[in-house]
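Structure first, then comments.
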Amino acid sequence: MIAAYLVLFIPFVGIIFFAIVGHKTDMGKINVWLNGICLLASIWLAINVLNQGTILSPNKAFLIDSFNVYLIALTAFVGLTTSIFSSSYMAHEKELGKLTDNRLKLYYSMYQGFMLAMYMVLTTNNMGIMWVAMEGATLATVLLVSLYRTPESIEAAWKYFILCGVGIAQALFGTILLYYAAVQIGDGENALLWSVLYENARQLNPEILQIAFVFLLVGYGTKIGLVPLHNWLPDAHSEGPTPMSAVLSGLLLNDALYAVVRNKMLVDGATHNNMAGYLMMGFGLLSFLVGALFLHRQKDIKRLFSYSSIEHMGMMTFAFGVGGPMATFAALLHMTVHSLTKSAIFVTVGHAAQITGTQSMDKIRGLIKTQPRVGWGLLIGTMAIAGFPPFGVFTSEFLVLLATMHSYPWLAPFLLLGIGIAFAGLFRHVQSMVYGDKPEGQHPVKANLWPVIIHLGLVLWLGLAIPGFLANWFSQATLLISGSTPL
Amino acid sequence: MILLSAYCAVLLSFASGLLALMMNQRQIMLAMSQYSINKFFSGNVKCRNWVNKSLEEQHYPAFLRQAVFVLLGFSGLFAVIAGLAVLISNSVITDQIALGLPWLPWHIRFDALSGFFFLIIGIAVCAVSLYGPGYVSSYKEKEHPFASLGLFTGLFVAGMLLVLLADDAFMFMIAWELMSVASYFLVAFQHENPANRRAAFLYLLMAEVGALSIILGFGVLASFSDGFTFDALRESKLSVTWASIAFVLALLGFGMKAGIVPVHIWLPEAHPAAPSHISALMSGVMLKVALYGLIRFSFDLLGDIHWQWGVALLALGTLSALGGILYAMMQPNLKRLLAYSSVENIGIIFMVLGLAMIFMANGHPQLAALGFLAALLHAFNHALFKNLLFLGAGILQHQTHELNIDMMGGLIKKMPQTSLLFLVGCMSISSLPLFNGFVSEWLAFQTALQVDVLENGVLRSLIPVAAAALALTSALAAACFVKVFGLIFLGQSRSENSENAHETGHKGMLAGPALLAGLCFFIGIFPNAIIQLINTVSGQLLGQTLPNDSALDWLWLAPVSPEQASYSAPLVLIGALIAAGICYWYLRRNPLTVIRKAETWDCGFGGLTPRMQYTSSAFTMPLRRIFARVWIVDEQINKDMQGAMNLDVAAVHYKLQIEDHSWPLFYHPIARGVNKLAKQVGRIQTGNIRTYLSYSFATLLLLLWVIS
Amino acid sequence: MHIEQTDFYTQAILSMAALVGLTSFLMLGQSRLLRLIFVFALQGFLLTITTVLAGYSLDSHHLYISAALTLLLKVIFIPWMLRREVMHMNAQRSIQALKNKTMVMLGGASLMVFSYYILHPIVPTTSPVMLNALAVSLSVVLLGMLLMISHRQAVAHVVGFMSIENGLFFAAIVATKGMPMVVELGVAFDVLVAAVLFGIFFLHIRTSIDSLDVDLLNRLNEVDK
Amino acid sequence: MNWLIAILQTALFVAMAPLLAGWLKWCKCRLQNRKAPSLLQPYRDLLKLTHKQPVVSKQASWLFIATPYIVFSATVLAATVVPLIAVDLPTSASADVIVMVGFFAFARFFLALAGLDMGTAFGGMGSSREMTISSLAEPAMLMAVFTLTMTASTTNLSGAIAHVINEGMVLRPSFVFALPALLLVAIAETGRIPVDNPATHLELTMIHEAMILEYSGRHLALIEWASQLKLMLYGVLIANIFFPWGIAETFSAEALGYGLLAITGKLALLAIVLAIAETLFAKMRLFRVQEYLSFAYLLGLLGMLSHIILEAAR
């Protein structure tokens, strides 16, 4: 349990620390160190959970089970690698004089704040606190989106703030309804505790839960970026500093989805029709296809990949909606590989943008000739995200596809259509950026590409062979969510 | 043991790829070699010197290239050994590798079919690895890093071999995509040329679409069975409808890779873009892997064949064969021409495979075996001579820096060995007797002529038409390759480059093609050597071998029965030699009649200039007029007038553009549709926050209304 | 059962619900910013009273704390901040032409009905006061969104946002006798931070487009002109 | 014994070919009221050419010199396949009718290359036209031949002919189509009027002649001989497939004698028919040849279909 507290405590310290001295020179390093310790703590936590199963903190405030523990580890990991990237990135930005000291303070402390919120969402046992933490994540990142203070960034931040705020308010209403249904059977204080709710999910009033789930889905769905609630996402991703985009895509969306899935488990327990599943499938498929189509029209490189995030979140939502062991397994796997790959891509994208000094894709050319590592990183990352084997994304998409063929064969063609369109949309842009002769005035920048290499390496590994403990982990989570396991 | 050598083939190709990555890591190599020497042969001074010398700054790149290709060659060698071994021992070996999904390790199965294609790949790879070092030496390390070329070549070969080994859908797809992606990088290798980039993108896009439809095909099978192993899929019992759906999906997917009309368009774009030895592998071998996939899927997994599928294959094959050769005829670019001719040959293979299916479905397994034999044999032959021709094209490009056959000419004197090898390739591909192309075509005709046994009147009248189309195809192919050889090697040089061209200095660049040419001739004379092997394949797959293998001795080829048809290439060869020898001896005995050399008769006008010769477009003009509908021909003749009244012609400009019908028919509409759809969707993102709010508002209300 | 048969607390709660709903309607119809803010403050005040009532009648003391928080935040701080903004922009007199006001009002009314219709299935499991409270708060939430959709000033958006929060609060207090304390505090904290952020954003928006009309924030779109 | 007879027959084939050409020319002259050269004139020409010193362009490569030998021996090989006076020869088992077509293709391939070797406009023109026409003619020919082979259910020529004889006098609708088809193809392939005019001296109308313009001396002799042989081959094919009667089925002396007489008579008649046709028709424009050949192709196809539908119907 100490591990969990540690994971929560370190970022908290980080917030205060950076708020004071965040502008000093090698704060990036310290940021890396903090995240590194968090990672170690989370690994420790994961090992505990692996050994002794679900952990419930004495005061029932925190609950670590096989579902969220691997998300915690993933969060810590991506947080670490992104902070590695951000230290060099931010240094470069500061050289360009884009940032003042206060902004740097803000940046680093909010980075930690965001991590704290993420850990909170994952570890808490209380649905209400989960909501609070989710809102907290929005509040922490909203100022980072407008970090550069350009009109666009402010507009993006405002939209992000209002839309997510309204959405999250709906989620709160859903939570209240949930609580309302819970107090009818349980005592007031503990009624919102996940552990309690999950045990007596059967007695909860199905009608209320259905309504509650709609609110929760629309609310958290706004954060997941489900079409048509996604509109804030591309703006926020494209205007903020790139490390922010990386963690937004890699972590925030995942955690929102995590929240939805938690609630789905409750609703499925209470109502015996598959309403929640159908809603999620509908949203997922819609987001998948629309996101794929959006890819074709992009001009800004970061918008491009944010739309691809929408598309992939749609895929995961769909998979969770399909339910069943294989689809759930696939969805969990997809969560992992997507956030790894996507954050890696954003790292390369950030460097590409720094190399060329622009984000508009028709000015970025010949990356491979300018700085081969960045070019290859972007190309291979795109390969991975487009679902080419032997990368892990392919594995999960393959499984989703076959699960769909089993349960809803008539939906499979749509999935394939989406994959095809998305692939074309990504590549028609990316290929012309990485290949070709290098234009005038493109110079290599100082870049630390270890995050990319590590992430893509992991994704490759997951695609070739899923290591035993991870598979075991996934299957436990699958058991938890879908009630049976593919193994 | 057999499996071991198969694994060796795969691993070695991987190794060659990884070794290529060391191109820029000379220091590491140096350190490693020093360490190993000190550890193992510390006494041996000679080898130490050798290593140090080869690792010196100036020698290092050449040495590494050599090493990479040597590894690749060994992988090819092992592939050949494994293939032959499994074919001769007529065995089926299965295995599992602890990779892939936790509940689905990679299943390996190495049977006669895989073995046969292993053989094909192995031979091709051997030839390429002989040829490669010379060819790649011309690349500048700066623009075209050998590291990526070698790496992806290795991965490409490994991917193809793994496809053949795969015994479950998951591994199959991984290997398949590995093959596609690696070859994509190879096509995009010379990416400073926009056309190549476009070609690469098109190639990858179509590969992806094909792969998706293959996955869907597997999905259909899998949803009728438990698990994705091929054994499970074999067990799956499908209704005719679902089976046909699965077959159509597979046909689309594999056909896209094999390049049958109308999904062939990536092929003439991509193959010329890649380096020549890669185009050789792609055109000669990768298409065969697609063929393997189709055979595996339809004959092995789906099991019971329906004659409608055969008809579909027959029709598509005929279309591809005719279309391919007619388009090939019109290409001035040598490699594009060869690529289109691959479309033609794949078409022929599909035709014969379709015949095999029809016979199979109508309960004539023996004739099915015959068709199967013809198809596989033609696949084998095509791999040989298409590789040969692409490698030859590579030499030409290497020596003349040209690919446009209107810019060459007269090379037979400047490059005698190359011209001889290329001649062999041309003769085989235009299926002349004594060469391997003819044998498979002969068998194809024999198969088609067995139509009498069928009940169905439609088929009985359809198949002969297809046979006629096949005849037309082969005649056109002959015409096409007369043009190719004639314009490239004969006549007078049409350009500066070909004027100054000379034979290549690298022995390897000749050795590779020579190997293939020798095989072409050998198979042409002793086809039974390979037919015996294919017999085991059809024995395992169809449970049926040729009607009378008894007639298969080294001398006679009588697939059905000696009464019905027989062909003995050795006797023909002997006869030809006798006849030629006699008249040669008779005519040359008179010493007075030695040949006198003189200028060519120029009809009394001044000297003959190269520009008086027939060009490619002139040569094919009659056919272009006859089959005018087949192409989208854009022919422009502009005259520059001058002089008084501006009446006399100063210069004539001739422009000829040949376009493929399938673009405006299929592809442009799809592209337009997607863009239009994306445009519509783009309207969601209005930028006005109140609109966004109303979206979420409406969604909420809608959902509430839905669930209430 | 009829209202006269219920106890005083229920009647009070119901009338509070009615008043809160009314204020939402007033806000929706309001076109002058200052009045809008005033009505918003009024709603906050009603919310405070309700909280106190609930706290008193259920003597659950932590409700007093949340009442205090509400008073501070929703009645004093936020309205003051917004008012300062408006003065700053001297937009207090700006009558924003609310397009087809009647339609909006009708929409609002139908939303009220809709929320009753939605919550109808839960009647058997609950008392009418709960039902009414939930329905009213749901409609307050929806009306808040409608307000944001129909008004163009950023200020109006903030008001709408906060009134949504009010609706949630109302539901939390009445229907479920207040959420657990931790949640209450967390929510209050979030609201505070949100309010501060709004303040910051007004500054930035004004500097960037020197107006608070959100329709001018449409640089980031993907409709080809 | 069999092999001996086969070789003898081939020799006879080669020997008789110029005679047929002479006879054809004789008939034509007679029909055109010209004084005819003697029947042996072709032999004299060949002999003379073999004693001339061949002139070869400096431009020429080894291929140009090798071609005549290749063409000649390929044609001779084709001759070994076709039964002239007797059926079931061992040689015809070594190569069936498809291979025979292959031999022709082989010869044509090299002839066309030789035409291109000099790099003159005429050579290119000749080979381009030759390849065009042949690529249209070959399928038509195969169609016609397949009709026969499917009737006899063998592609072995002597086997097929034997089959036709043994069936005796059967009226086959398919042959009604196949015979004219084969005739048309034969005319096209052997370069006779109306497709090509072997006697022309106007280069622009040449097809076959344009390819061999550069040849002289023994090379020319070989090519000429080969084309005479080809003419004879087609003649024999038509005669023995459609009117096989008289051909020897045993290798007894008198049977062979009869066979010889029979074939001589048939060829003589055929030549007369051809001569008449050549006198009546004029050479047609190059781009009408396609219509001519597609007509032949159509006939062949009809023949095959009528065989399948009318004769072998189940």
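Labels for the chains are A, B, C and D, by order of writing; each one numbers its residues from 1.
Quick note on the criterion: contacts are C-beta pairs under 8 Å (C-beta built on N, C-alpha and C of every residue); 3 or more make two chains touch, one makes a residue touch a chain.
This structure is a prediction, so every number in the text was calculated from the model and none was measured.
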Pair with more cross-chain C-beta pairs in contact, given B-C and A-B: A-B
Inter-chain centre distance, subunit B versus subunit C - centres from mean C-alpha coordinates, in Å: 70
Subunit A and subunit D: spacing of chain centres that average the CA atoms, whole Å: 79
Cα-centroid distance, subunit A relative to subunit B, in whole angstrom: 44
Gap in Å, rounded to a whole number, between the CA centres of subunit D and subunit B: 37
For subunit D, residues that touch 2 or more chains besides their own: none
Numbers and ranges of subunit C residues touching at least 2 other chains: 118, 121, 145, 148, 157, 214, 217-220, 222
Junction residues of subunit B - those touching two or more other chains: 679, 682, 685, 689, 693, 696, 700, 704, 708
Chains touching one another, given as label pairs in label order: A-B, A-C, B-C, B-D
Residues on subunit C engaged by subunit A in the complex (per definition of touch): 118-119, 121-122, 125-126, 130, 134, 137-138, 141, 145, 148, 154, 157, 161, 164-165, 167-168, 171-172, 175-177, 179-180, 182-183, 186-187, 189-190, 193-194, 197, 200-201, 204-205, 208-209, 214, 217-220, 222
Interfacial residue positions of subunit A with respect to subunit B in the complex: 158-159, 162-163, 166-167, 170, 210-211, 214-215, 217-218, 222, 227-229, 231-232, 234, 275, 279, 290, 293-297, 368, 383, 386, 388-390, 394-395, 398-399, 401-402, 405-406, 409, 412-413, 416, 419-421, 423-425, 427-428, 431-432, 435-437, 463-466, 468, 471, 475, 486-487
In the complex with subunit A, residue positions of subunit B that touch it: 98-103, 170, 173-174, 177-178, 181, 188, 191-192, 194, 197, 200-201, 204-205, 208-209, 212-213, 215-216, 218-220, 222-223, 228, 674-675, 677-679, 681-682, 684-685, 689, 692-693, 695-696, 699-700, 703-704, 707-708
Interfacial residue positions of subunit A with respect to subunit C in the complex: 126, 128-129, 131-132, 135-136, 139, 142-143, 146, 149, 151-152, 154-159, 161-162, 165-166, 169-170, 172-173, 176-177, 179-180, 183-184, 188-189, 191-192, 205, 207-208, 211, 234-235, 238-239, 294, 297
Contact footprint of subunit C on subunit B as seen in their complex: 679, 682-683, 685-690, 693-694, 696-697, 700-701, 704-705, 708
